[in-house]
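In structure tokens below, several structures.
Here come two complexes built around chain A, the first alongside chain B, the second alongside chain C.
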Partner chain A sequence: MSRALRLEKDRWREWLAALQKGATVVAPVRLHGDDVAFERIDSPGQATLDFCNTQDSPKRFLFPQVEPMLRYRRNGGYEVNPIYDQEKRVLFGIRCCDVSAVRFMDLALGVEDLPDTYYSLRRANTALIALACDQPCGDSFCVCADTGPFLSSGGGYDIQLTDLGDHYLAEVDTERGEALVAAASALFTSASDEDLARRQELDAQAERSFPREPRLYFAASSRKVSLDNVDEDLWRRMAHWCVSCGGCTHICPTCYCFNVTDAQVNGDGLRSRRWDSCQYSGLTREASGHNPRPEQLHRLKRRIFHKMSYQYVARDGMQGCVGCGRCIRVCPGIRLGITEVGEGIRRAEWK
Partner chain B sequence: MEVTETRPNIYLPQIARITDVRDETPDTKTFVFRLREDPAHQAFTWRPGQFVELSVFGLGEAPFGFASSPTRKQNFEITIRAVGALTAALHGMGPGDEVGIRGPLGNHFPCDEVRGRNILFIGGGIGLPPLRSLIHNMLDERDKFGDITILYGARTPTDLVYKQELKQWEQRGDIRFMVTVDRSEPGWQGNVGMVPTLFPKADVKPDGTVAYICGPPVMIRFVIQDLVSMGFADDNIISTLERHMKCGVGKCNHCCIGHKYVCRDGPVFSYQQMKGLLE
Partner chain C sequence: MANVLTTCPFCGSGCNLYLRVEGGKLTGVLPSQTHPVARGKLCMRGWHAHEFVSHPDRLRSPLIKRDGQLRPASWEQVLSLIAEKLPRGQQVGVVGSARCSNEDNYLLMKLARCVLGTDNIDFSSRPQRIADLAALRAAFGFAAATNSAPELAEAEVITVIGADVVPEVTMVGSLIYEAVRRGAKLIVISPLPTQLSPLAHVRLQPRPGTEAVLLCGLVKSVVDQGLMDSSLLDRNWDAYDQFVSSLSQFSLDMVEQRTGVSAAQVDEAAKLCGGARRSVVLYSSGVEQHPAAATMATILADLVALTNHLGGASMGLFPLARQNNFQGALDMGLAPGLLTGGQSPEDADTRRKFEQAWGCSLPQFAGKPLPEMLAGVKGLYVMGADVAGGAADPAQARQQLEALDFLVVQELFMTETARLADVVLPAAAYAEKEGTATATDRRIQRIRKAVDVPGEARPDWRIIHDVAGHLGASWRYDSPAAIMAEIATLTPAYSGISYEKLDAGWGAYWPSADGAGERLQLKGLSLRSIDCSPGTQAPRVDAERPFVLVLDATAERWTTDATVLHCDMLRREYGIAAADFPAGYVRMNPNDAQELQLRQGFKVKLASAQGEAQLQLKLDPGLPERTLAVPYHLRERTRDLFGGAAPGQVEGHQVYAPVAVSVSAA
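After this line comes the complex of A and B, so read on.
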């Protein structure tokens, strides 16, 4: 399904106010300087739609960095009670790469035969309102990953907004999207044919304006990674730049490695899961001390394999890298953003 | 209006009580468990080769394979060596103490699938317990299988698990059982040497035989090489892979080998499948 509506630009915050009556709204908020990040908002005035992309993706609202799973208490015998977050949320103003990342997480964690209990519950209560990109941003290369700058129907959003100057085009793609419109139906009118034509123009124009760098030529690098045709010495030389901080994986909107820990809180036991990282040696270390990925090169190889290999595309139904470019920006070793590593692999060259 | 959880929570443990603990070696014990809630206990079953995530509340979860057979389903047994903090705490527990159990998890050893075939078990050290689950299952359906040979090795006679049971296996007329140790101790009159030194004595033949191997990774590697050179087909060599399985349900990414998850795609793999894995 897809229905095109028009929303006047000076009225989008009225819509947010209406959405807040039925759900917690999470929207881009300007923090300081040019930093924009997703936050729960109390009033529509806090939200901004004037940004390139947010510092981090909205991953933590679906897969929190620390997530309580269950409480246990010894009362004679043990009682165990799960902790469920059933808050209804609207994620407002998500860029297309991040919507695609949610689609990936739906596939990877919400796989149909055995859904991740906590992720799928949050996801079922979360609506996505996307903001299409009319220009490339910073380090992104979504155009290589087929995750932007605009999404088509079925791309994972409930509603996709496009900035058409004095108004927004709102493409409604799901029943949940229809319900979001119905919350303030007086604000919406039918979009015109010119609106739709203008959207196509903006999409094409944005695609044309991507810079040559950074780019990731997946075809060649994915093939080599999938067939294990990358020289171990190349992995070693690339991994030399890694300080094992895990930043690339924490900032990545599709990384979901986690660890589970028990703690005592106010006399009760609390079991939580928290983000882990394939860049940490502890991820694979066994109780005996044996570690099947003993060196950083094995861990860099692991990260790239999960993001790029055909094996994972076949397993998850989608490539793990959505081209947001955040790992390029966050790497303190400077060089281990996925594009530079991918190019190193493609050219079998690393200086 | 909110969506609430209706499917079973894949991370929620059931409570099990320890009903018995048996010392096996100075660092290894066998624990017998029963689910606390009777209906759950009655409904609980598994296949040899599967495992559970066992919670010691306050310390977390760790994976352990079943050591007993579903054909003897009164209670279930797990044989555990004290290696880290969780297993050390477990070794301090006794009958009546409670743990959490999630499972059964993972795939299982082929059993019904190999009816009529000859069966070769090769166990090393603490690798015998998961095989024992399948051995019991096959012994309880003895007429459905051809020759059954069990070869078991440990570092020293002290490190042998199930010492009483091994004596019973030696006396059975319907199986061949041989045991060896790497290093002898006073009083030991049996074989000395690595497990493969038993192959000629046991007259191991590849024809129609399926081999099940479980033990330390280095032993598995050498035994597989020997079996291959003896003419065993890659898909008739069945073993288990060891990784740090944290969630047990293919989500947390701790146990991946390439795109395979030891906890869901395994822990049982044929040698043919292992060769296709990319680390």
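After this line comes the complex of A and C, so read on.
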């Protein structure tokens, strides 16, 4: 389904206020300097739609960095109480790459035969209001991943907003989206044919204005990665630029590795899971001391393999990279964003 | 969810990050995209900076030792006990921390000098750096980095000496990666492999113990190749003549003989380092904890002076601070005979200024640096420092702490030092208080409160304020901002610094008065003659003891940090070497191991002329043959091999010189 509506630009915060009555609204907020990141907002005035892309994706609202899972108590046996987060949330103003990343997480974590309960419960209570990109932002290459700059119907959003100058076009794509509009139906009118034509124009214009760099030639790099056709020495030379921070995986909107730890005080325990990283040696180190990925080059290879190998496309139905470009900016080693690594693999050279 | 901007508590890079707060608890971090050093990045430690704050092992209540057991007590009880039992004057020593804020450290310094009447004040990580800091102060008039860290990214040539920058001070390492990516040439000088070594355009690996000789050779080559700056020479002919004559005693051939580095390589490094306009020199523990640290720091100061790499953009000399407020603790006067901002109590005007402002007389005697202090005092007040665990000679420090009449420790966790205390005071972590910290490049930045303290813990400045009150002082500080106002009044370098000013941007550099703190301008600089003759500490190897063993001061320093060890993920990652090698390890080149028919993990016996130790073997192809390295945190287990820590060139500096050893299967 898809329905096109018009929302006056000076009234989007009124809509936010209406949405806040039924859910917690998470929106981009301007922090110190030019930093913009997602935050739970208390009032619509905190939110901004004047940003290129947020510093991190809204991943942590579906898969938090530290997530309490259950409390347990020893009393002869064990008393176990799971902790489920069922707060209703609206993720407002998320970019198309991040909407696509949620679609990937749904495929990877929400699989029918073995769903991740914690993720699935959060996801079931989370609505996505996307903001289409009318210009490329910094390091993104969503055009290569087919995850932007605009999404089409079925792309994973409940509503997609497009900035048309004095008003927004709101494409409503789901039942949940309809309910979000119904929360403030007086603010919306039908969109015109010109609005729809202008949207197509902006989409095409944005796509044309992507710079030459960074680009990721998925097909060529994927082929080499899938066939394990990359020289070990190339991985080694690339890994010289890795500081093992794990930042690329933490910031990645589609990475979901976690570790589970217990904290106990006087027999009362709290079990939590927290983001782990394939860039950390301890992720795969076995109790015997054996580590199947003993060196950083093996860990770099692992990350790229999961993002690019056709094995995962076949399994999950989608490539693990949505082209947001955040791994480029987060890398203290400067060069291990996926585009430069992908290009190194494609050309089999690393200077 | 709220995002609270603060300064990372770990290394001296000074990255800013946002602490994520939900329901009054920390739930994660986010790097700051626009912070000039962080640039949207964090290291592994930074990504887990929230974890230790909410660890269940945090100290929650004041403790008093009764019958050998630390038991909970009220604040009133502990404060009264401190007032009663803590000695005054020369009988007491005070130890601060490179982990506490400027405000915490300033107040501690004032407590020592104004209330306890002692000049015995130091902070736990300073003794390692006594020698190089003294040399820099003598050369430059201040002991700090000459330039700001972000300038590194634009350098043309970067020379890294005795530092494994990436694990030690990660975001400074990241700026080096950025410079190299942009085309900068990298020179790495270290006997041991470092993370940056594979990227080096010139890599000099002197024999352990001969690093100072190599640096003399580098300066000699700069002079011989005419790479010194002629405009500088116009002003300093006399100094230059003296300086050159101090170099005349040796040749690059001799350097080659002693260090194993060829004259051609030294010339190449000198040409790069001396020839480029934007040339930066960085050093860290490999220099600081070297027996010839003072000589080496003097040579490096000479090198940048001689080539006129001072005062301009993307140049200068960078001593690296491994802890987030090392520079600040130094700036706050936590050293004997040093007031804030490098001011001296021997200067009559300065002395009068402090005495008038504080309403007390400053101590008349000169205090001792920490290692000597421990041997001489009856009581010790420690804030945020593991004096035993962090000492050059932990066994000796432990004994000295045990012998004290009264030990007070203010801490987050029950450290080895806290266990020995008579009174333990629970302190607030960085995320639970307001304050400032000064990064390795002199950038003063805000620490901001994100969550409440656990139990009855209190911010360090508040505890000291209350201790002072019980000792009869009538201080009236209602906030850390008020303390900073006093620091700014009494300290020319910090003049004009206020929370408003720091909050407005990304902090501020000192000296702040003219807003030009990013690059320090030196006045009346002169070259200092260097004496390279004592520069070699290379042990004599022979058939009986064919290996040189080094105590590697750069590697794995984070494995002993109490805050790091209370972050689940960091504990796992930094604990891997200890899990893989439960008996401790020594690194060896695989070729040597093959010759001796030894494999990774084998237990070996090392024997020097002074003693023996047993360790497991860890193979490292980056290590030169016939060189062995033991990480610094295993110094206690290898103490007998080295014959313990030896006194360095400067009082209070304790060092481990390389020794010749034999290796056999144990």
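Some points to look at:
We adopt the following convention: the second predicted complex is superposed on the first by the 348 of 351 C-alpha atoms of A that agree within 3 Å, B and C clash if a C-alpha of one lies under 4 Å from a C-alpha of the other, contacts with A are read in each partner's own complex, and residues count from 1 in each chain.
By definition in this document, a contact is a pair of C-beta atoms (placed from the backbone, for glycine too) under 8 Å apart; a residue touches a chain by one contact, two chains touch by 3 or more.
In this text, all values refer to a predicted model and were calculated from it rather than measured experimentally.
After superposition on chain A, the partners chain B and chain C are accommodated together without colliding.
In the superposed model, the vertex angle chain B-chain A-chain C (Cα centres) comes to 80 degrees (nearest 10). By the document's definition of touching, neither partner reaches A:G165: not chain B, not chain C.
Judged by the touch definition given at the top, the superposed model places A:Q264 against both chain B and chain C.
Judged by the touch definition given at the top, the superposed model places A:D56 against chain C, while chain B stays out of reach. Contacts of A:A37 after superposition on the shared chain: chain C is touched, whereas chain B is not.
When the two structures are aligned on the shared chain, A:G333 is found in touch with chain C, with no touch to chain B.
Contacts of A:L121 after superposition on the shared chain: chain B is touched, whereas chain C is not. In the superposition on chain A, A:C278 makes contact with chain B only, while chain C stays out of contact range. When the shared chain is aligned, chain B comes close enough to touch A:L109, but chain C does not.
By the touch criterion defined above, A:S288 lies against chain B but remains apart from chain C after alignment on the C-alpha atoms of chain A. Between chain B and chain C, the smallest C-alpha to C-alpha distance in the superposed model amounts to 10 Å. Residues 259, 261, 264, 276, 285 of chain A touch chain B in one complex and chain C in the other. For chain A in complex with chain C, the touching residues are 26, 29, 31-35, 37-40, 55-56, 60, 64-66, 237, 240-241, 243-247, 250, 259, 261, 263-265, 274-276, 280-282, 285, 289, 329-335. Considering their complex, residues 1-3, 5, 16, 18, 20, 26-35, 39-44, 46-47, 50-51, 55-56, 166-167, 170-171, 173-174, 177-178, 181, 195, 198-199, 505-506, 568-569, 572-573, 576, 579-580 of chain C touch chain A. Looking at the complex, you find that chain A touches chain B at residues 22, 69-70, 72, 74, 77-78, 80, 82, 84, 86-88, 109, 111, 114-118, 121, 124-125, 228, 256-262, 264, 269, 271, 273, 276, 278, 283-288, 290, 292-293, 298, 302, 305-306, 309, 311-312, 314-315. Across the complex, chain B meets chain A through its residues 1-5, 7, 9-13, 15, 36, 55, 57-62, 83-84, 86-87, 98, 100, 217, 242-244, 246-247, 249-259, 264, 278-279.
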